[in-house]
């Protein structure tokens, strides 16, 4: 059985804060300590580095040096389009041209950074591009601006893939790049070979999607995933598998079916947990549910799907989950 | 290990219709056939009879005769407060007194029917008592009307328990008796010993409740349950366990913990399934998840809850669900 | 100021039923009476005719004769892909080829019917094409099947436009054609000039969309709309404007902005209302909110959108809604 | 017409941060500057002071001195039960007794502080008391702990009212004190005259409540309100009236009806707005919607509610909102 590649976002190993406990629920760590903590999870192959939060042109060599020593790869470079107040009213869709140009420059710089650490992709999450109130956005112009900015970035260099991460809401009450289908529409309309989709399982769930359906919709355009879980209303960033157990099992089947073979990257916020333990649990859930899938049998699942018979599906899942020992 | 008592609503074995396919998705059956179909599910001990749909003063003897022949008990009698157009603008809270009196009479008649078939309880679901638009309800008066009507019914005879079934919405966009807490508040304010709560797992989920929390909130007032599953947005009446697998496992633990020992009654709408197969699957899920609970160990679960440690919880559940064979 | 064209679905004037009150909340009317009731609402220009419910090859002449006498046009012909049990497990995506062929034939027949009553479009709502449970659908194959069937219908005749109506859920727990973006993706992938989008305001809301954003996303592909309102969780089919007042005002602005000039068709289910009164109210809301828009000033709105300044938006709306008299 | 008393939370005038932009979307202000900004909104009568964030035993005299100079009263004192990591796993329901005792002490200290600034109430929001995962909480024990702690606080001194603020989720995925009904149940079970309810309009909406229904449920136990708006999924803390326009108009009617006469306190997070402008807009919306209510006529509304006739309601609201000029 194929061994998966696991990655992680760094908040998993940091002191997680929210708007109420702004000083964080845990212990403060330096970036070096955070990386050391990540390195304690042996199954991890790579991490994500977010601009401003973790890397900038000044500390880039130092950080990548630390990573080299610890044997951690860069799974993903994330341009800072959402960690500073200056992006609050939008990046590619900011009402002022200066901010729009800065945002494009940030993305290009991230592509260069990615190249310099042998990472082949960046994650463009337009988390501040959206609106909070009715009558606040020009939907048509915003969509054009996103497409133009992406096209310009895509033309900047051909060796770094641009993965568009979608989300329905938060930090704005409405974002523009909301669902798998809307992102696929965007990718098609941009029409550049190096632009694809990144699916965060929790974003899919909180956007009203069945995440298995979402990854199948992305199909060959699915270039990267974030894994976590939630209660559908919000991006709770919980441990994978603890809520949508069956739906995430189904997603693992569809990732296999569409031949996804990139990172399974943890994007959790273990506010009240030890991040190292939580990361290990997440990875164990992915492996455990995949074991369950192969125990049922990949081909058996495919056959049951062909029938569409929900009582057969029920029997198959129930026996796998309960019917043993 | 204690054997559970299983019951069923009759739509499980009937031709289920919705507002689009009003002639039903399946085959039409006579009530006699529906009962025969129910009898094919050996694990069932009793069924629910709904006024107007299944029973009335005219056919009552005939129906109960059929049941006797088939060896099926009446698990629950349900007064018709929601199957006819005349109830559409409310029963206990109708704006006209005539309808309110009729509703009380219907409930009393159901209590008599229950007594005559050795069923010790009725299910008062105020499904038409609520509102669709802002400014349509007098919330304070409606609440008083519900309390007065219930008190009058409770005084009618002392040997039949009145179980209040709650739901957030449907068929109105808003109902009055919405959640476990609101129903407990109602029961407390009515202050009659024979008034308690009936919890439908799907209603709890669609009201934004964690169903384990809901049954624990009801505690000694929980006198009856309906089991099914859904996707939180609506009362989809699906097979039990197929969506909220872990949360329903937790509910089974809490039912054990509070000493619940009445029926586990299927309230499913198998629109596109064979009802007999679907019923068997539901029952098998309940038994299967309870097996899983005892496999983990009731006391072990109690200990883990005491720690509140989510990575321990994760390990416990993950190993039980995936880590075997 | 331009006069709008209003249409209506016929359940507005019929006896509305749901799964609890299957005999309906109101009075039964013959189809002739329903049409006469529709004719009493003078502002209506046309109605929708649904296959099986209202028309078939047998009664088609009679029905259209009645309409002629009453001076009502056919605003839309709706192929029956969702009113009979035989469609319950899908039409274009049914697991059996026979059903898939029948569904395509039904659509073609509807196109012919439309042509014969000078109606230039049909509404393809794939309400039974989806899934209820995980592992029940082959998402990739289903998507191909929908595209192929639509392409075949589009090639059947060139004079009838095919409008795809989208919805997230109901009657299945999940449908395939879910959102404006997914439908636009479908239309693009089908690649036929006569295939476009139909947006039901309530479907958009219940799919997590801001409906103004949705119609702007459709833009030149928006060929038809259904108007109603709801509480976001479900397709409540309420009177227009009673919940999402400001968001629907915004949608009216965007319909003006994208130059939409087809029917504003009421798709309400006035279970507990008089349909004639409810229809008049809906139409009055559309006209009233448009008056409000022009009172604020179309160009003033456009300017405020350019600023993206939410306190200015607040002032503009607040003064229009409250600050007068 | 009665003049309302307006209050405000201080984040309205501060630099609002979230988990992405932890340094805030705006400008950093000292507490003195924040108070000066609040003082610029002439309609404000009082503000809320949160323990740890704004006040502690050390700075209490200084802060209240500043307030005196600016002519601002303390509308509410909020014990810190949710701003520090030490509360992350609960306060009254923490698994360890030490934290539970600390929490009770914090509340008592807040009562003393309130008394010393002539503020007659405190706001107990148990925002960290809940759970994130299934099997993490002992629902029954937690409920007992909350009741015991509240009873002890209520016995500490008789001159300070304790208002329980409820919320469904955030910062935990599930809280214990979730809805108006559950809080009323709690208040009843605690049984102390100085314990009542505080309703935040946005919390009510995000808990699936119609906020007019919620305040009517609280009725004479409603001692304080927070006003803001959101899109039902989350506590977006937006400007009042911009989403639930009609439902908030209905709430203003019911506040009048139940005789509510305490503060209307702004609890907004104007991340991307100028807080002073946003506060003025909120207040103007409250006053504007109340003008609309009196324009329609309080007694006329009462009459329409008695009919329960939704087309009459529609006409009443539509004419008030659109039918003018």
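Going in written order, the chains are labelled A, B, C and D, and every chain counts its residues from 1.
The definition used in the following text is that a residue touches a chain if its C-beta (ideal position, glycine included) is under 8 Å from a C-beta of that chain, and two chains touch if they have at least 3 such contacts.
Worth saying up front: this structure is predicted, and the values here are computed from it rather than measured.
Novice: Among A-C, B-D or A-D, which pair gives essentially the same interface as B-C, with more than half of the residue-number contact pairs in common?
Specialist: A-D
Novice: What's the chain with its C-alpha centre farthest out from chain D?
Specialist: Ranked by distance of C-alpha centres from chain D, the top chain is C.
Novice: Can you check how far apart chain A and chain D are, centre to centre, with Cα atoms defining each centre and the answer in Å?
Specialist: That pair's centroid distance is 35 Å.
Novice: Centre to centre, by mean C-alpha position, how many angstrom separate chain A and chain B?
Specialist: Roughly 40 Å, centre to centre.
Novice: Spell out, as numbers or ranges, the residues of chain C touching 2 or more other chains.
Specialist: Residue numbers touching two or more other chains: 89, 132-134, 239, 242, 246-247, 272, 310, 313-314, 317.
Novice: Touching chain C in the complex: which residues of chain A?
Specialist: So the residues of chain A touching chain C come out as 89, 95, 131-140, 143, 168, 174, 178-179, 181-182, 184-185, 188, 207-208, 210, 212-213, 216-217, 219, 246-247, 249-250, 253-254, 258, 301, 304-308, 310, 313-314, 316-317.
Novice: Using the touch definition up top, name the residues of chain B that touch chain C in the complex.
Specialist: My answer: residues 16-26, 82-85, 87-89, 127, 132-134, 169-171, 173, 230-231, 233-234, 236, 238-239, 242, 269, 271-272.
Novice: Show which residues of chain A lie in contact with chain B when the two form their complex.
Specialist: 232, 239, 241-243, 245-247, 272-274, 277-278, 281, 284-285, 288-289, 291-292, 295, 310-311, 313-315, 317-319, 321-325
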